[in-house]
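Once you've had a glance at the structure underneath, I'll fire off some questions.
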Amino acid sequence: MSLLAVEGLTKHFPARGGVVRAVDGLDFTVRAGETLGLVGESGCGKTTTGRMLVRLLEPTGGRIVFEDRDITHLGGRAMRPLRQELQIIFQDPYASLNPRHTVGRIVAMPLTVNGIRPPGGVKKRVQELLELVGLNPEHYNRYPHEFSGGQRQRVGIARALALRPKLIVADEPVSALDVSIQAQVINLLRQLQRDLGLAFVFIAHDLAVVRHFCQRVAVMYLGRIVEIGERDEIYERPRHPYTRALLSAIPNVAKLGESEGRIRLSGDVPTPMNPPSGCRFRTRCWKAQDVCATEEPPLTGGVACHFPEGAS
Amino acid sequence: MSLSPEVLEPVPVADAAPVEKGVVGRSPGQLAWTRLRRDRTAMISGCTLLLLMLVALAAPLIEVLYGVGPHDEFKELLTRRGAIPLGYAGGVSADHWFGIEPGTGRDIFIRMVYGLRTSIFIALASALVTAGIGVTAGILAGYLGGWVDTVISWITDFALALPFLIFALAIMRPVEMRFYGPRDEVPVWFRVTVLIAIFAAFGWTSTARLVRGQVISLREREFIEAARASGAGLGHILFRQLLPNLWAPILVSFSLAVPAYVTGEAALSFLGIGIVDPTPDFGAMIFRSIAYLQTDPAYVFFPGITIFALVLAFNLFGDALRDALDPKSSR
Amino acid sequence: MRMKVAAAAALVLVVSAACSKTTEDGEEVDQTRTATGVIATDPKDSLGPAAEVPGATKGGTFTVIRENKISHLDPQRVYSFAGLMNAPLYARSLTAFKDDGKGKLTLVGDLAETPGTNVNKDCKVWEFKVKDGVKFEDGSPITSKEIAYGIARSFDPDLTGGPTYVQEWLADTADYDTKWNFKANKASLPPGLTTPDAKTIKFEFAKPRCDLPFALSLPSSAPLPPAKDTGVNLDNQPFSSGPYKITKHTPGVELVMERNEHWDAKTDPVRHQYPDKFVWSFGPDPDAGANRVIADTGGDAAALAFNGVPSALVSKVEGDAALKGRTITSPTPSAWRLTINTQRVTDLSIRQALNYAIDRQGLITVYGGTTVASPLTTLMPPATIGYKEYDAYPAGATGNPEKAKEVLAGKAPELVLGIGDDSTELGTQLKTNLEKAGFKITVRTIPADAKLDETKKKDNPWDIWLDQWAADWPSGAAILPVLFDGRSIKAEGNSNTSYFNNDAINTEFDRVLAMDPSAQASEWSKIDEKIMKEQAPAVPLFVEVAYYVHGSKAGGVFISSVFGYPAFVNAYVKQ
Amino acid sequence: MARFLIKRLLSVSLTLFAVSVVSFLMFFALPKDPVTGMCPKNCNAERLERVRQELGLNDPKVEQYAAYMKGIFVGRDLGSAQGGKCEAPCLGYSYVNSEAVTDTLGRVLPVTLSIVIPAAILWLLLGVGLGMLSALRRGTLVDRLAIGFSLTGASMQLYFVGALLLLIFTYQLKIVPVPHYTSILDNPFDWASGLVLAWIALAFLFSAIYARLARAQMLETLSEDFVRTARAKGLAKRTVYGRHALRAAITPLVTIAGLDVGAALGGTVITETTFGIQGLGRTAVYAVRGGDLPMIMATVLIAAVFVVIANLVVDLLYAAIDPRVRLS
């Protein structure tokens, strides 16, 4: 049974002169306790997807099924119990904590909002949470400005954990941190995932981080998933040209195509207001043929390409 | 940016940058207070304000100690021919510290004490009402956006487009007639209320704009989304999450609105709207005194210097408050 | 830094004023100016030219500074003091007052050869002969036709403002404009008005109208050729018959009048044509106006501040020896009274108690001191012809609250005092003053600009208020019947603001009005005293004292004995 | 751009429409019956009623409003008592001034513009200059003097400063002529010397606000990365401050300046009263006092037009100064 199933998820933003197809038909599932990495360039719709999963954004189309319940258009009150199962960690540790609240109050917020009184009291629970994320529980009364970026992100994680969720959407949780701190936070998340059996949708543009953390990986391009699969499959044997291009940009990690070396993508990402016909990647793809312009390749066998690697 | 695999090996979870010892953190408000306390200008202007307000509050007590009331007349101390105070500096004497008013022969000092009361009350109350309306409208417009924002912003534009002085001038009389008819005495509190209402009706827009802008920049902040993701309702988001972040601009605009209303009330007196004789009022006093600039400068000087000090102190304090609340700006 | 200079200068001002001691000195204004007036019997009096003003020279620009524009310039609409003082410069009427500036008035013929012929000696038929050689600004001759047309157009309801004596007398009703419709009968003349020939104009009335020669001295009898009538628009560009013509007029900013070369001094017994130009400069408030003239720079050296010296500035002007020769001060016929609405305050004892209680000195002090006001206990001001002083309710300079209480006999009347919002201090003074005598006073402010219209409504809601009256000519006939004849009370626009109606008094009015003007004078004084003693429909307060300052080059200005405002017919610019 | 303009123009028209309706309704409640001044000399209730009838004051308010609007766009006939035919844009006839309202406006508008526009230029230059100077010389005596100056100005009142300036420079020292208005076309020197005191007084008070704002903005901008980068790149101090920092700092000032100028144009009442100059503000006050309904309506509308136009200009300027702001 999958914890989260997404079918044809779509988000279109109205804009001047048309609509921005930020997310344009996503299908994927996340099993309980699983970590799914969602990677792609900036503007490919990762963050929008993450926001939709926790219902901060209203999907334009498609379905989100969480624990067998369709939550796509669930109203505020009905959504409430489910929110406790479904939390989010934000990218910017500076913007994600209310500067006027104490750390204790920030972490306790999900509890107070939902009227939950944990045994032993809110304060005790908050201190446990702080300890769990590696912060000094004594710092309960301190304000965000007194903490470093990494520490703040830990506070954000503690807040996400407060309701004991089953799934956490982590939206680029480390990209705003220094490299050394990134490692600490990633390790913390990995540990929490193991200890608490959490499922993650881990959104990142950094393939190395994803490889380190995720069991499965989905690669997005212009609002669609172009390739999805087990981590090792993707990293060892990428089949979509775009995945290959992305991986080739990582010098140390990529051990692919001995002959090809680094692939440089030509041209800019097309505008999501007017995506190319057929395969969206065709304008930058070195393998593109006529069929790519007319027919959109379906996501079959984990890849959406007319001419996937290793198929010919 | 990329990580080498070595770095990604598990490392012990620990505080990377331990914060200084101590259990209780200092809130931004407390920090601001500390900064304010260290600011000499703020302290001097703050004390001046406090003193003036104390004087205003203690007016009846001062009257008892001083021995002269605001309506007592000393016409015998005026010249018969020009109705100008006899003696030096506008009739300054041991009995009348700041001299007496030409024409009416009333004591300037005690009238200033009571006038301070009227003026400060009107200004503070107007600023409070203004802030209340402005903050509510600003938060609603900023957070809810959409048609609410459109409507509130439009009302703001509309209120800005109405010429304040002309409306203030035109509205007083019909309102009086409506509530008191042509024969009943119009109580002072009623005029005061109308003044406050006029100020509020025209003054809330700037606060609303300011707050709206702040809210818009805060609205997309992730801590708001975090609250929403946790299932927080509108009330919680507006009042628990947004409002605490708005105190700084609200306080600053409040502290700058008060002096604006003090001078505004005086300006209305200049046009003959507002508090009428014999109620002691700063605006009315200043307005009346200007004519005596050449013949009885003391009459202009004492109220003039006091209102200047009052407004200056408010302005200085407002500036200091802004600096204290937002250490990034200036200093 | 500019600010520092300003601050320093301000400090010097403050210090210098603070260090000089204010004491009680200076001479009191001569309050004894009383008018002696006659209607000229010798036709020679009506002949021009007017006697030369000693020291007067020709040329230059004479400036008059005033805060507000003159409300109307159209001679048929002029009724404000500024307008009345200005109108003689460009508008001539059938008669005019020859004024020595000291109270001696002679009514003479202006456009007419004499101040009128009382044909049957019953004041019902009057005849005027137009002088030879009188011309409009375009050189066309003025005949009885244009004069009659001028009077006819004063019947036009569109032309608001202006006196109504002649219209009402001709039509014998207050509804003169329905009795004779000007618009429908432009080619004809109102009933009773005829022009037997180009030189003669004849008035026939149903009742004796002995004051006609006086009434015709107002500019509403100024001539106008029908072809030049632009209706309401004439107000901004009247057609001149006087020594000056309007060459530029920007309402509210400036009015420029230049010599009218078609005016012939030989025909005019009262006017001169000394300056090349008269300029009214509107805008500065009374303080600024006075300050400008005191500063005496540039064109302001030949200027007069028409708003006078504000009471706040009087002591400065008085204390400056250099200004001594540049001030004009004189009591005026402008009398203030506390009007009692007799419809509401029907109890005579209350009205009398008010008269006992009044503190005239306190009121004058708040008004600005004795340099700007002088106490008055009579209804008619001292400047009235045949004035006799009396005090019906002697209570001393500051009133007698005890006596008032005695008269009230235990009553504590509650009265509503209506006060203009520009003079609230006077309201406070009256309240404090009257409450000492046992009255309960509610002060209600009225917008200053609306106050006059509001109090002139018969059903106005106030019990007492301040009123001011300056007669159109210095005769009791233009004061007492106007203010106290109850038969003239209408819904709006009343002059009888006491709404006082007493048959015995009305009969007295009729009796005296039918008398020859020269015989009326002493009778009016008697009626004045009778009204006050028996009825007390008002509390006489004070007359305004004119206090003007002019530039060092301005000459020839005097305070009109008729209206109490500066007159310009003798004005000149010192060269 | 065109889209933005159309949208703004629509909202502007709506605002002006609302202003006209509100003032139209409100001024019917004026203490003074608008008819009283137009009543014939021998006024009585019946005559008053007739005038009311002639002026259409007994018609339903909607009809009266429509007639008024019709006057503005196509002109209308006001009857002989009001000067007859009134060409578009007809704002009515002022019986107080005995002339068409548009004539009065045509006369007083240049006056107010002549007061406000040079004063605004002066206060902006002075304010921004002082603010920048004190920001760049932060903590020095210059800074403190500038702050002192601006705070003093902000705590003063116009009629006070005005009275003092008049007293000192005009009446005592006699170096500045009495305030008056001459058209700039007739005599530019006289125009300037007649209004200079008003400019100085306004500039002194307003520049204070701008100096404080400019200083704060400048300090904030100076601490921003792009300025530091520009400095690090070795660009001359003058270039960096002049081009980069000033541009960023001035943007918010433009907004406030726009609002202030708009408001000042509609409400220089106190300046005009203090200096005895007959402009729009004083005309408005006289109109309210005298119950001159057509004149009140016209002045309110004109004032609103100024504010609204100023807002529009600010939005456009914003886009011109700061390319980051997109018109949407």
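Here the chain labels run A, B, C and D in written order, and each chain numbers its own residues starting at 1.
As a convention for this text, a residue touches a chain if its C-beta (ideal position, glycine included) is under 8 Å from a C-beta of that chain, and two chains touch if they have at least 3 such contacts.
In UniProt terms the chains read A = Dipeptide/oligopeptide/nickel ABC transporter ATP-binding protein; B = Peptide ABC transporter permease; D = ABC transporter permease.
The structure presented is a predicted model; accordingly, all values stated were derived computationally and were not measured.
**Student:** Going by C-alpha centres, which chain would you call the most central?
**Tutor:** D
**Student:** Between chain A and chain D (ABC transporter permease), what's the gap in Å when you average each chain's C-alpha atoms?
**Tutor:** Computed value for the inter-centroid distance: 54 Å.
**Student:** List the centre-to-centre spacing of chain A and chain C in whole Å, with centres computed as mean CA coordinates.
**Tutor:** 91
**Student:** Could you work out how far the Cα centre of chain B sits from that of chain C, in whole Å?
**Tutor:** 48
**Student:** Averaging over Cα atoms per chain, report the distance between chain B and chain D (ABC transporter permease) in Å.
**Tutor:** The separation of the two C-alpha centroids amounts to 24 Å.
**Student:** Residues of chain D (ABC transporter permease) touching 2+ other chains?
**Tutor:** As it turns out, chain D (ABC transporter permease) has residues touching two or more other chains at 31, 152, 164, 167, 273, 289.
**Student:** In chain B, which residues are in touch with two or more of the other chains?
**Tutor:** Chain B, residues with two or more chain partners: 173, 293-294.
**Student:** Pull out all the chain pairs that touch, please.
**Tutor:** Chains touch in the following pairs: A-B, B-C, B-D, C-D.
**Student:** Going by the contact rule set out above, which residues of chain B touch chain D (ABC transporter permease) in the complex?
**Tutor:** So the residues of chain B touching chain D (ABC transporter permease) come out as 154, 157-158, 160-167, 169-171, 173-174, 177, 259, 263, 266-267, 270-271, 286-287, 290, 293-294, 304, 307-308, 311-312, 315-316, 319, 328-330.
**Student:** For the complex, give me every residue of chain D (ABC transporter permease) touching chain C.
**Tutor:** On the chain D (ABC transporter permease) side, the touching residues are 31-32, 36-45, 47-48, 80-84, 95-99, 104, 107-108, 149, 152-153, 161, 164-168, 170-172, 174, 177-181, 200, 204, 273, 275-278, 283, 286, 289-291.
**Student:** Which stretch or stretches of chain B touch chain C in the complex?
**Tutor:** Chain B residues touching chain C: 71, 73, 75, 78-92, 102-105, 173, 181-186, 272, 276-278, 288, 291-298, 301.
**Student:** For the complex, which residues does chain C have touching chain D (ABC transporter permease)?
**Tutor:** 1-3, 5-6, 9-10, 13, 67-69, 71-72, 74, 157-158, 160-164, 167-168, 174-177, 183, 231-233, 235-236, 250-253, 281-285, 288-289, 291-292, 294-295, 297-298, 300, 446-450, 453, 490-493
**Student:** Across the complex, what residues on chain A touch chain B?
**Tutor:** Residue positions touching the partner: 51, 54-56, 76, 79-80, 83-84, 86-88, 90-92, 95-103, 106, 109-110, 113-114, 133-136, 138-143, 145-148, 150-151, 156, 159, 163, 179-184, 186-188, 190-191, 206, 208-209, 212, 250-253.
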